[in-house]
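Before I ask anything, here is the structure I am working with.
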Amino acid sequence: MSKPSERLKELGIALPPAPKPVASYVPYVRHGNLVFLSGQIPPMQDGKPAYQGQAGFEQRLEDAREAAKLCTINALSVAADAAGGIDNIERIVKVVVYVASHENFTGQHLVANGCSDLLKDIFGEAGRHARAAVGVAELPLDSTVEVDITLAVKT
Amino acid sequence: MSKPSERLKELGIALPPAPKPVASYVPYVRHGNLVFLSGQIPPMQDGKPAYQGQAGFEQRLEDAREAAKLCTINALSVAADAAGGIDNIERIVKVVVYVASHENFTGQHLVANGCSDLLKDIFGEAGRHARAAVGVAELPLDSTVEVDITLAVKT
Amino acid sequence: MSKPSERLKELGIALPPAPKPVASYVPYVRHGNLVFLSGQIPPMQDGKPAYQGQAGFEQRLEDAREAAKLCTINALSVAADAAGGIDNIERIVKVVVYVASHENFTGQHLVANGCSDLLKDIFGEAGRHARAAVGVAELPLDSTVEVDITLAVKT
């Protein structure tokens, strides 16, 4: 299997620059070889998240799934920064996917697949993670999805 | 005190077969002797979760609490698989209980006791865990409860 | 920079007594030098949380932010108990801030700053943490905010 950095190229994905800490919290904290990332929302476009509003209302399932994928790309830019390069990621350990959900929208697990499928596609077995998918009322800046990842890095 | 495997028998609880990974995510990831489980919903009956709908609306408090108990039994089947047997679980470390909640339903901590009480009943002191209980809008497949557990296994 | 215990005095913050375990779950679990805290709600006043109701409805943003600060003070009393004194805290690792949110309230990250800013103010660089802020439907006892912290202690 290709290295994650090669897979990214094959998939045509360019990681954005890792965000710099600008507040009282930071993009990640490393403890031993575990790295805890901050929750990531979709990339900003014109000053707001690329996907806003609730799944099942403003956003269709397939759009929310794409939002989850974009959150994950943002998270990987932080993860690569934390690991000293994406190829130094040992394992994606745990993912929590928060989906802003309209009442009666119960496809949070399908939205979360936008994250999970990408991770498996890039990292193979090392990308398969424990996961929780939940439907929440609202997310920061009206984001449709927020992805929260914990991972292990090579020592 | 009895071993957890004996307590399960005394309580008349048979763990279901541990689920096999069928998607881009997996039932658990082990890192060192920490095990991160995927969020567990109630068991499926006739193709849908045994408890559906919001606590405080479709489900009364006591039913949601029972749902939390059943989620926990599912989680323990995964935990036993991860640990090489339930008696190899060293400690339940952290539990997050997500409760699909109708507006004005504020008994998430009481629902979560359906999980916490069972863990203490099976593992004794080793079953006492740090916990967060939150009320969410919707859960996958309209589940009433999702239980997310992190635990330590004996080395 | 001052020690955290000195910063608390400078800020005029007295930590409340750490809560005792009274149920099937406990205020914290330590695993190695990681400490997982239970979710903390605002302090009880007259038998109910000091801040109740949803941000964006019963509570304005600035009140919800104050609630997040008070949850954090409660969490620090537990953390100090776990670490053998607040000066033995090595690093705040991860924070999840759950904000009970009215529809259209999307300032969860601003509410969460009530937690994050205090942690940085007390611990300096060691207080800067990875964070997720999410807006949930309801919290236990109608709390406006619940703060869930993972931290590392000095060995």
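A few points about this structure:
Going by the order they are written in, the chains are A, B and C; count residues from 1 in each one.
Simple rule for what comes next: a residue touches a chain if its C-beta (ideal position, glycine included) is under 8 Å from a C-beta of that chain, and two chains touch if they have at least 3 such contacts.
Just so it is clear, the structure is predicted and the values come from calculations on it, not from any experiment.
Interface residue usage between chain A and chain B, two copies of one sequence, is largely distinct: under half of the residue numbers at the contact are used by both copies.
Taking CA atoms, the transformation carrying chain A onto chain C includes a rotation by 120°, reported to the nearest 5.
Each chain gets a centre from the mean of its Cα atoms; for chain A and chain B, those two points are 25 Å apart. The set of chain A residues touching two or more other chains comprises 96, 136-137. Remark: chain A residues 21, 23-29, 31, 36-39, 96, 98, 100, 136-143, 146, 148 touch chain C in the complex. By the touch criterion given at the top, residues 34, 91-96, 101, 103-109, 112-113, 116-117, 119-120, 127-137, 150, 152 of chain A touch chain B in their complex.
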